[in-house]
Each structure stands twice: as C-alpha cells, then as structure tokens.
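Which chain is which? They are A, B, C and D, in the order written, and residues in each are numbered from 1.
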Amino acid sequence: MRRNLAFLSDMLQAILPGDVRGRGPVAASAEAVRSMLGRPALERLSAACDVLMGRIGDASMIAVAEQALAAYAELDESEKMQFWELLRDHFASDPADIRKAFAAYDKEPTEERLVPLFQSVEPLRQTLLRRLNTAPGATRLLVDMRADLLAALRKDPSLRPLDADFAHLFASWFNRGFLRMQRITWASPAVVLEKIMAYESVHPMQGWEDLRRRLDQHDRRIYAFFHPATGEEPLIFVEVALMNETPSQIAPILTAPPARGGSEPDTAVFYSINNTLRGLKGVSFGNFLIKQVVKELAAELPSLRTFVTLSPVPGFARWLASNQSPAAVSLRQELQGDLWIDDARIASRIAPGVEQLAAAYLTEAKHQSGAPLDPVARFHLGNGAACWRVNWPGDLSTGGISGAHAVMVNYLYEADQIELRHEAYVREGVVAVGKPLSAVLASKKRQEIRV
Amino acid sequence: MRRNLAFLSDMLQAILPGDVRGRGPVAASAEAVRSMLGRPALERLSAACDVLMGRIGDASMIAVAEQALAAYAELDESEKMQFWELLRDHFASDPADIRKAFAAYDKEPTEERLVPLFQSVEPLRQTLLRRLNTAPGATRLLVDMRADLLAALRKDPSLRPLDADFAHLFASWFNRGFLRMQRITWASPAVVLEKIMAYESVHPMQGWEDLRRRLDQHDRRIYAFFHPATGEEPLIFVEVALMNETPSQIAPILTAPPARGGSEPDTAVFYSINNTLRGLKGVSFGNFLIKQVVKELAAELPSLRTFVTLSPVPGFARWLASNQSPAAVSLRQELQGDLWIDDARIASRIAPGVEQLAAAYLTEAKHQSGAPLDPVARFHLGNGAACWRVNWPGDLSTGGISGAHAVMVNYLYEADQIELRHEAYVREGVVAVGKPLSAVLASKKRQEIRV
Amino acid sequence: MRRNLAFLSDMLQAILPGDVRGRGPVAASAEAVRSMLGRPALERLSAACDVLMGRIGDASMIAVAEQALAAYAELDESEKMQFWELLRDHFASDPADIRKAFAAYDKEPTEERLVPLFQSVEPLRQTLLRRLNTAPGATRLLVDMRADLLAALRKDPSLRPLDADFAHLFASWFNRGFLRMQRITWASPAVVLEKIMAYESVHPMQGWEDLRRRLDQHDRRIYAFFHPATGEEPLIFVEVALMNETPSQIAPILTAPPARGGSEPDTAVFYSINNTLRGLKGVSFGNFLIKQVVKELAAELPSLRTFVTLSPVPGFARWLASNQSPAAVSLRQELQGDLWIDDARIASRIAPGVEQLAAAYLTEAKHQSGAPLDPVARFHLGNGAACWRVNWPGDLSTGGISGAHAVMVNYLYEADQIELRHEAYVREGVVAVGKPLSAVLASKKRQEIRV
Amino acid sequence: MRRNLAFLSDMLQAILPGDVRGRGPVAASAEAVRSMLGRPALERLSAACDVLMGRIGDASMIAVAEQALAAYAELDESEKMQFWELLRDHFASDPADIRKAFAAYDKEPTEERLVPLFQSVEPLRQTLLRRLNTAPGATRLLVDMRADLLAALRKDPSLRPLDADFAHLFASWFNRGFLRMQRITWASPAVVLEKIMAYESVHPMQGWEDLRRRLDQHDRRIYAFFHPATGEEPLIFVEVALMNETPSQIAPILTAPPARGGSEPDTAVFYSINNTLRGLKGVSFGNFLIKQVVKELAAELPSLRTFVTLSPVPGFARWLASNQSPAAVSLRQELQGDLWIDDARIASRIAPGVEQLAAAYLTEAKHQSGAPLDPVARFHLGNGAACWRVNWPGDLSTGGISGAHAVMVNYLYEADQIELRHEAYVREGVVAVGKPLSAVLASKKRQEIRV
C-alpha cells in the first residue's frame, strides 16, 4: 500500500472490536466495516475502499463492495467532493513505484519489464472500481457515480484523471459484444416504457398516448440497446418512421395517424436518437445501433430502399449569432422576432438564405479539432452517412426555433457508401454531401460570386 | 502507428483496387481486407489487425473484427505462433513513447501527466483485443484464443506479456456482476447438458443416465455460472448432494439411488467443482459460485445445517513420493502394488499412517509462495473453509488411487467463520483445521514424540 | 344434413366455377367460399358455416373457419340478428332425428343406444362452434361473439338455447386446469396493463399513475388469470392491499402512500375483483383466483394472518328504496339529500340505523332462488367466506353513495372454515356471520323488541 | 341425484365423524373424503366422485378432484374395471329423466325444451370428468385414464359409451386453437427430448446421438405440438429431412452425414410422424401439424419446391398373405425366406411384381368402410396428398421387412391440389395417384390383359 493510511488506520483502530484491532489497516475486514455502522457515511466509505484494496479475498469482497456503495448513496454534495479528492489523491499511482518500475524498464525495455510498469502506472482506482463492481447491481450504481463525477468535474478540473479511469473501464464493460438490441413495443414492460418516455429529449413525449403512437403502429418502431448488468435500463434508443418519402418536417411524423395499410414503405426514417445514462458519456453505441436496426429492418421489410434521418441542427442558431458575414448579419435581422413564422411572404423571401447558411454551417463550420461544429453532424458523418438535404422550416417547436431557427437536416445512410464515406471522413475530413445540399451550396457560391 | 508496417503496406498496395490504393497503410479498409480473400489466412489476419488499429470508425470495426477472427480460425499451429510473435513485437508499447511520457511525468508527477503515460504503457494489444471483441460471438472466440496462447506459452515463455493482456481484459469482462447463476436441471437445454457432461473432469460422467442421476433427483443439484457474452456455455459448475451426514466416500454419492423422501437433508455436500474454459484460467468464479449456492440452498431448504465438500487431494501421491521422512518411506512400501485394496488387514494397519501423512500434507506442505501445496486446499482455504476431515479410503477410482492413494478430504464452510478464516489465511497463512483433523495431527505428534 | 339448404345451394350453384358446381351443397369447399368474395358478409358467413358442417376434412377447416369469422366481423346489428336466427333455426337439432333415436333408446334403454340419442340432441351449433374454434385467435372472437349474443338475447329471449351452447362449450374450454395465474407488476407488458385499467370497474383507475400505485408498491398487488387461447387478455383480476388492520374505508386504500417498510403486514385485503370479458358470463373464475392468491401470499408472506375483503354492496340502495318497514321508511327520510355527508351530527345519529338495515339486507334479503339478494354477497358466501362487518360510511364516491348509501362490507376468508361454510351455505343457505355483524344484528333485534 | 347411492351412503355414514354424519350423501364433503384415508382406494375414489357430483361448490372441487385422481392412481387392473363399471352404471343418464324430458319436448319440440332434454341425455360422466379436470395436472392424468379405458375396452365392449364421453370432451379440450407448434432442437429441454426418443416408433431412435442427428443438423428438423394443459408433453411430432430429391430409401436418411452446406434444399421429406399419448386416440392433430410445418418451412426456405413423405406401408404384408390372386400367390413364394435380400438376381426379377401388388394394395384394397385398407394411406390421402411412388426395397429394417416386405411409399403434398384432392377423397373416395404410381398400375393392367 502506497498511500498514507494513517487517518484511516487510526480510525479503524479506534472503532474496531478488540479481537480485530491491532492487525493494521490491511487487517480491516468486512466485519470491521460493519462494526462502523453509525459512523458518518464518508468514513464508512473510506474504510470500505481501504479494505477492498487490502489483501481481501473474494469471500469478503462482495459484502464490502455493497457496504461501500450503500455508504456512497448517503453522501451529500460536499461529501462526494471529498470522496473524489480521496480517490484522486489516495487511490492514485505511487510516483516512487512508477519511477522504480520505469528505471528497470528503461534499462531493459522488454515486454516482461513492461508488465510491472503497467501495473504501477495503472491507478489503484481502476482496481477499486473493478472490485466495487462485484456487488449485485453495482454496474448501474457506478454509472451513476460517474454522472456525479462529471458534474463535479465542471467545478474541479483536477478530477479529470478519475474520469479517465471510469471511461477506460466502461469501454470494456459496455463492449458492443455484451449489448443486445430489442425492439420496444406496446408489449414491453411498463418499467422500460416509462424510461423511454423519460429519456426522450430530442422530441419529448407527451405521455403514454404519444409513446403508443411511436411504437404501437405498423409504421413506427423503437429499438434500444440493453446491457446484462444494467437490466431493464435502455442505454440508447432510436425511433423510426416507415414512410414513402424522405420527410422534411418533424411535426407530421409525431402527430400523423398511421399510414394506410395499403402501400409498402420504401423509406425508414430515423427521427430521434437518444442516449440515456449521462454516466456513459463517451461510450458510443449509436453507430452500432443504427447499423443493426438497418440490418433488421432490411431483412423484415424488403420494400425498404432508403435509410435516412430527420435530424436537428442544435448548434445552428448559436453559430449564426456569432457569424459576421454580410449574409449572416442580414439573415439575423430578418429572423428577428420570428415574424416569418406567421408571414408566408417573409418566409419565402428568406428561405434561400436560411438554407444556404445552414448548408454552410454543416459543411464549413469546424470545431477546433477540425471536425464539423455541429454535434449531430459529427455523429452521422462519422457513421458514414451523407448530409443529404436542409429542410426549412422543419421543426417549428420552441426548441427547434430557439436552437436552429427551425432548420432540420436529413442524413442519408447508403449501404454501399457507408464505409468509404466513413473512411474519407475520418481520414481526410471529407463531408459527404447529397444532391439537394450540393445544389444549395452551388447556388450560394453563384450568389457570392454575383455579390 | 509505431510498428514497421512496410510488409503490410506493400501487400495492401499490391492487392488493393485502384481507388483505395495510395492512401497508405492507415487507409486500409474493411473493403481492403475483403479484397484479400484468397490470400493466406495469416496475411489477412495481420492486415485486419492493422486496419483495426488504424483510424477506423465504429462503422467498419465489427466487419473487420469478424474477418480477423475468421482468419484466425484458419491458422495452423505454426501460423498461430507467428501471430503471437506479431502481437508481441508489433502490437506492444513503443519504448520511445513511454520514455517521452515518463519524462513529462517525471518532471511533474501529476495525475494529469499520468494519463498519457498510462496510455503509452498499455500495450496496443489491449485496444486490439477490445476491438476484436466487438464482433458477434467474439468473446467466446477470444477465450479460446487465449487457451491456444496458454499452450504456446509452455513452448515460448516470452509470450507471457500477451497473456497478461488477456488476463487483464478478461478480469473486466468476466466481472462477477455480469454473471448469472442458474440451476441446471433435466429441463435445461440439451446443448447445456452435454457441455456439463463434457466438462466434468473431477468425477467424469458415464453418459446421460449418470448426468440425470446428478441433477434430476430430489437430493442432487447442479448450479452453474453463465455470462451474457458466452451464452449457453457454463463457465463453472458445482455438483451438490443433499444428505444427512458428512460423507467420507465418493462412490455412494455417484451411484446411490435417491434418498427416501421422508427425511429432510441437513447437509449439503459439494462433491465436484469444475472450471470449463481453459482460456479463463486465473479468472476466479468458484468462490462466488459456492457462496451463492449456499445462499440459495439455505433459503430453499431451511433444514440444512452443514455445508461441506467431499474433495480430492490431487497432489498427495506426488508429494508422498518425494517425501524422505521415515514415516513416508515406510508408508510408500506398504502402498506399493496397492495390495491394501483387496486386503482388509493391510488396510486397517496402514490407515493411521495414511491419515497422518495426508494431514501433514494438507497442513504443512507448502508451495514456494508459502501457500499450501495442494491446489484444492488452496482454493477452499482461500474461500474461508476449514480443513475438516481426512477420509481414507475415500476414492477408489483409478484416478483417486493414482493421484492420492484414495485419500479424500472434507472442507467445511461455516457461515460465521468464513470471513475470519479467510482473512487469517490470507494475512497470516493460517490453515483452519477441524476437530477430526486436529485429532489426527495430535496423534501424529504423539507418535513422533514416541519415536 | 338435416336443414333446408335450398337457398344456399342455389346461391352456391349460381356462383361456383363450373368445375366445382353440380356437386350439391356438400361439395361446397373453401374454394367455393373464397369465390364468394364480393358477396354480402352474411351470405359468405352462411355459406362458410354450411361448408364447415359438411363432410369437410381438417385440411380445409381452418381456412373456412377463418373466412367465417372474418365475415362475422363485418356484420351490422341487424345482420347479426339474422345470423342468430339462422343458428337457432338451421343449426339446431332435427326433431325427426331425435324422435327416431329416442324410439330406439326407449325400446332398449342401454348406454349404447344413448350415444346416438345424445348426438341427435346436441345442437349442430356446438359442432359448428368447435370447428370455428380451429382458426387462429378464434377463441377470443367467439367470446366476443357471445357478448353480442347476450346483448341480442335481451331483445329476443328465443335465442336463449344458442347461449346455452356457448356456455356449455366455454365451460370446457375455460376449464380451471387451462388457466395460469400471473402477478401483474410494473414490469408487465403495457398491453396487459392498459387492459387492467380499462376493465377495472369496481374502483375505476384514474390513469397510469393510479395503476402504478396499485401494483408497484410493496404493499399492493394485482393478480390475474390468463388462458392460453386468449393470450394477453386478463380474464379476471383481483387487487390486494397488504395492511395491518381490517379496513373500513376504501378511499385510503386507493390514495394512501405506501406503508412504511418497517412493519410486516398481517392482513391481506381484497378490495377489487373484476371479471373482464362479458362473453364469459357464467364461467366462474373468481373463487379459484382468490383461493390461489391466498395460497401464494401465505407462502410468500408468513406474517399474514387475516384474509379479508373490502367489498361494495351494490344492491343496498335499491333494496332500501323498496323496503316498506318503518325503520326503512324512516332511514330513507334521513338519507334524503345526502345531508349526512357534510353534517356529522346527522351521520352519527343515523349510523346505527344504516348498519342495522345493511346487516338485514345482507343476511335476510333473498333472491327468489333463495340465495342472498346481493350479488357480491352471493359470490363471497358461495366461496365459503363469512360476512364480517358492515362499514359506514365506507365508500363516499358517487357510485358508492348512489348504489349503497356509502355502505361497504368485509368478507372474511378463514382457511379452516371455508369448506364448512361453503357447504353449509350451498346445502342449507346458511349465511356465515362474523362477530361485528352479529352484534349489529343483535342490537337490531333488541331495538325491534323494544319497539 | 338419480343413482342408487345406498351403498355409498352407508359407507359414508359408517366412516364419517359424528359432526359430518347424518347429512345424507350430498353432504359428503372434501373433509369427509379426507377422513376416509386408510380406506381402500376404490372406496375413496367412489366417494370422491359422488361428492364431486353433489352440490359441491368451486371451493372444494379442486381438493376433491385431486383426491379422486390420487385414489385412481392406486387402483390395480381389476379395481379399474370395477371403476369403469361404476362410471358406466352409476354416472350414466337416468332413463326416467330422459323419458320425462323427451315427453315434454315431443309435445312441443322447441329449442327451449331441447335444453333439458340435452341435459338429461348427456351422461353424468361428462360433468364428472370436467370437474376432475379442475385439479392441477388433471388433463394429463385423464388422458392416461382413457388409455387405461381403451385397454379395458378390448375386454369389455360395453364400456364403449364411457369412451365416447372421453372422446367428446377431449375434442373440445384439445382444440386446434389451444395447440402451439414448436421446433424441437438441441437447445430444447432434455425432458422433452427424451420423450421424443421414447415416442418415436416409426423409425426408433438408437439414443442421444441418433436424436441429435435428427434435429441438430442443418438438413434435419423436428416439429411438435404442445398443449398448455399437458406442458412439456409433445402430443405429436414430425421429423423432416431437407434434401435435393424425393428419396426412395429410409436408411440413408437415418444415417447419412449432414449434406454439404453448398446446395440449397428443394425437397422437404416428412419421414416420420408419431402420435404420442394413446389416450388421445381419435383426436387428430397430424394434418394440422403437417400443414403448419409446410407453411413454416416454405417461409423460412424459399428454395423448397417439393413437400413429400417417405412412409411405411404397415398393412401390406398381411394383405398379401391373405390375397389369393395368382400374382400374389406367386410373389409370396418368391418372397419366402427373404432370399432376395442377399440375391440381387432374385430381387430384380421380383421387383415389378412387388411394385404392382403394392400399388394394387394402396389403390384398390379397401376397408369395409370403403376407405383404403392401409392406415398410413388413409391419413395422407385424407389430408389431400397424392400417392406418388412405390419404392422397393425402401426399408430393409426388421420391421420394414416383416410388415411390408421392405416396401415404402412417397405421398406428395401439392399446395394447390390439397383441397381438391382432399374433397374428392372425402366425398367420392378418389385416391389421387402420382405419375410413377400410375405407370406401375398401367404396366400391371397390361400384364393382366396379356395373361
């Protein structure tokens, strides 16, 4: 043990029954932790973590892990912050150990020498988290713990290394191979359905009837990923409308009655994708989910020809607000007061400008990393989709207007292009552009030349 | 990428279609790997691993991972060895990277600086294995891959670092929290039952009728752990007999007809525990399984008072053969030819000697690590059980005689002692000893003094 | 075939293709029925029934049964009435056949002779219904068909024999042995939960949150019976509150927050029992359900001592309105305008009178059959329960006041008395009475004597 | 109650405790039956049946039904015969009741008057059996009870009316609509698989490996029907081989290794159909099963073009033995000693004769009812199949030679002909004949003319 355990040791010595006392901190047992009942939760948690990192056997591990997680659940905000600091400072790696292991490796940089170096560099926290994860239901609790940590991180960036440990482990635990996809239907457990309702944030649900419309009609589907260790918790889900066109507006999809049974759908529209657990930030499932849904739908409905999204453009309004080009300045004036919503003449006058600037935003506005500024664009382009068409006005909801002046986009998934586009995007930052968007970009260029 | 990819690069350039060629090794795509169909499996596997480590997105990852695993399945022994060497040499860590990251850390040993050091030290192989694991069914294949590696390791110990990577990942993937226990019954799928039959190596099964006796009678049970990513594969299972005594011989357990329904059992006997997948070596489930079975049985059958094993002593014969104490030498002579089996007089004469030496073996013979020499003893003592009683003759099967001169042992699990014993064993190497064994040890001591 | 099929025959001859025509009515095939597509639904239905009763083999039966049920679904009210008449008149028994079979039997009244008599007496309709029931999903449709018939019966009592046929068959099909009980929880499919909400008519549900309160809290349960042929349709369900007293009012049960976890419940209160499908009228499940729920709860929660209902008294207000005894006349005046609801003085003054008259209603008011007038009383007394206590005011809902002036009753199920009470009730009409009710009855008697 | 209950009444009076005694036979309760513990099983059974037919409520019914079935299980052969006689004589209909109900009906033959007549004619046994069927697991036990009855029937034909009651009820209980089809695979519960092995009597299984060959290979299938009230008991199952030809011999199907994955099968061969429970005699499932399997296979494997059987001809040898035609007499001589099996010259000489006589047997030999003599032919022709081809030698197993001199037949199921053939067969006894069989029949005719 490489940390200063004095305070814990003292505490344990003070509180332990005589027959357990005197064995040093390593001796702390599940019995010892239990004997602390009545002590503040943070003390119990610290002691439990300490015990977990000792020479504990499997026999006690689950019990102590349960005690630790139960104690964590009792912490308030400031105690949680103390716990994060404890993890950062006392369950880190030991610089002396690292230097020693590195010196040995440096002398003879073999793979054999690397193993101890790896072990010394890996923070103790990772082992601790793995051991906490042996308790029943622990995985879900650890995901929530990380959600707490992400909140704390905003206040104290020095906790970032802790987050790296969570992220590292979650990438293993939530491996694609452990996920199973399920279609969510009206026959699904209510406990799952209410989570779907609660987690839908792209186009929020208005209650059970709204939910029912989105999954119990022949032309609507919802699919989700589940993980065995988080049970009935959907980790991500996608909502699909089966249609006979590429839609340009979201409202009809959300409110239209079921299509007549007669015509077979040729278009599957992904109109909402939601991650659910904040604590799984950075563990990406979306691409796998879309891919598997496309596969399943294509097998079930051979009439489907087109797989396309109807997506929000969440960063457009903010980008436009900060854009000082003449076109942007002029458009901002027109958009002020949202008069266009009720005045068709204004709307038709400004439509080309909106579309051109939206097109520019999607294809030209870049993050400092070089990737597109729009997060939804990053997601779909990174999946190998093409940016197909700008739709305006596509989303007249309050959120749609405030975030994107009502602009929506279709991203197109073409089976035989996905891989090439994906690679061109990843390697060279190429943004694949569909015909309609090309036309808008070309008209913009002509206009700029004219100007 | 830090490895010499020249050969791969050349190969890919040579075989790729024009429109893919010329993008450098990183450009290699799933398409590229597919285009290699017809090339030797090892080449395809190498290329696929290369691609997986490139800037590949999720979109292509699963497909390439599948190709890699399919190619691996075609390798022969010597190609596998080449593959291990490739992993060892080209998917390792880069000493230059490590030195650079260490230098930065050494200057300012903060947690922030540790993250890049950790990343440089973690072998590329771990990322590779994680990516391979995205393919459907990959986890099972990777477990088998490690079984191959363990075999190769015996020939070439320099592969040990590879094994450390597998072990590290498996510890995360096969976390206790992801396992579910199931009772195996005659209503279980045949595909599971035949695996149980195949994997039972402690007391091998004689076919379906034997299996049926062990799980379809009211006084017999089998419980197993399953993992979501390995489906119907039992990872470990334990066989239990419900009795009204602590048994001293295995044969009646294996062959006796069901106990009369009348009496309620007071003793649960764990008479066989089997790990199944060699590739999961070192990932311990046994203790968790026993603990959960005890819990489930205690809840279901309140009449149970005693939880005990009837266990083999696999290392006794070998230890005795190398023991030069007068008692051992003399006993060896008596045992020669196994005449005692058919001659009750010999048997009763040598019984005390066998028991005393077996008791000595269990409590005094130590591994160089300080732990008991007997692996089964290490397992149960490490779980917090006590070494209860030596039984002779307990196992007259060929294997029982050749491995342990027919000696068997009961290990006793006492709920309120498990934790204390476990910790005393782990911390101080204390071997908990039951009354019957104490008596044997005492008689041995008296005899030695007399002598 | 014993019916005049002239019209059908003519119709079939007219519409059949040449190669099928000319074989007589028996020749009518599934093909023939299919060829009628475009004809009115009633014609198709008649023809399909005709075909089903012909020498049809299993090969065509399912297809024709499906066609018949599909045609039935298209009928309007008056066409349904025509169909009932068709069934009554043309799918009945043939008097000539019956007379002939009886004559043979009369001459020699053996069991052998009885078989043809039985066959001639059994209406053709029963065979027809059995054959209709071969179609997928038919059982559910036939239950709904009978619900239609029950409605028609009110207009035309001559259809009663048809109903006897349905009832006879349903008693076989919905045999207790084919039902399975399931606990309904928040993890049940939404499609089941919404049916529970829709079918709850004793204490109607106010939506999903109300439902959730009734099944997702540790002190509430819902159990239902399902039948394999009607799938996710609950046939009957009972709602249970786990408490620590015998309740006297329904409102707290419906609205109270969950009981504290601390105390173990000693009383299981059945506060709502609902049959669901009108078409299953007369097929009784309730008693079986209560019995099995008691068994399951007793096994799961050993702390339970008392199994009791809190039940409505649906016929009390009507009975009181027609009761000309001085006490009733006087009470009616007091109850007028429901002033007692807001005036505690009135309420306490009239309470004894309400309780005494309710007690009289429950124990003395009889149906012409000799059974208690109150249907809920008939049900629970018939199940072997005792009439335990009158509660006033127990149900202040609009329905509770209009139907029973807010009176509720507890019926007590005592395991060791159920059978004796059941038999005393069935044989001799004995109404078992609990202590509190006895006291009320005694006070009433004293009062009457005084008067 | 219309039966002479004197003996039962006396018995009950004699054995009942004082507080139950004196209520007359109707008073007999479950308690009374329980109090008879220790009395002979037949007495207990009689009393329980008596109680079940009394004014028993649902409350006691299940318990008494369980007691009755438990008592039945203890009867020996002669006691069972006494029980059948009791059912026949005392649970029959009452002639006086029937006469009275008929007289009323005769005077006014309305549907209303028919209901009491129907009730008087329906034997009490049917009600008794329905009530017995309320006990858990009763359906299975009643099926076995009927199997016992069928055995008894051979000794005493006067029991036939009892059997009619069972048959009548089973037709309702085992309605097609209540059955569910399941594919049996290597993942099915062992408890189901061992039943499949035990029940296969057409081509008996040689153990688990044989079973596995028949269901775990890509070119083999087994499908079965299950009923909710008989749980894991397959009621009927069919074995299918997926091939690329219409087979003429059974041995290769039973022993060949799996077909190469390369070619898609175009032919589904039903090579074994087995009913399982003798007690379900006369309740036909086979046709439904074949129909549904064809549907499922056609949907899953669009490459399938031909659905055909390879069937035994169980009555051929017996028919040939009794045939005095010159051709038959001559063939019998040739077949004597089965020398042809080892002598190819004999075999090729007699082949035409065997085929011609087998063809004659299948198409001309008739049961006294007018249907084909061969039961397998009756089954498939009744299902709408055509008799396609005689195969000789098709089955060289001991059973195949002794029953049919090794002859086998293919029956062909052609979707668009099934209904027409079925109806032509049912109505006019037309045996549909395939081309190969036609050719044999033609050659036979030519030969006869020549002769």
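Everything below uses one rule, namely that a residue touches a chain if its C-beta (ideal position, glycine included) is under 8 Å from a C-beta of that chain, and two chains touch if they have at least 3 such contacts.
Keep in mind that what you see is a predicted model, and the values were worked out from it rather than measured.
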**Asked** Of all chains present, which has the mean Cα position farthest from that of subunit A?
**Response** D
**Item:** Inter-centroid spacing, subunit C versus subunit A (mean Cα positions, whole Å)
**Value:** 51
**Item:** Whole-Å gap between the CA centroids of subunit B and subunit C
**Value:** 59
**Prompt:** Which integer distance in Å separates the CA centroid of subunit C from that of subunit D?
**Reply:** 36
**Asked** Which residues does subunit A have that touch at least 2 chains other than itself?
**Response** none
**Asked** Based on which chains are in contact, what kind of graph results: line, ring, star, complete or other?
**Response** ring
**Prompt:** Can you name every chain pair that touches?
**Reply:** A-B, A-C, B-D, C-D
**Asked** Which residues, counting only subunit C, touch subunit A once they are in their complex?
**Response** 186-191, 193, 208, 212, 232
**Contact set on subunit B toward subunit A in their complex** = 23, 26-27, 29-31, 55-60, 62-63, 88, 92-93, 95, 98-99, 102, 105-106, 109, 111-112, 114-115, 117-118, 121-123, 130, 133-139, 158, 160-162, 164, 169, 171-173, 175-178, 180, 228-229, 284, 287-288, 291, 382-384, 418-420, 422-423, 425-427
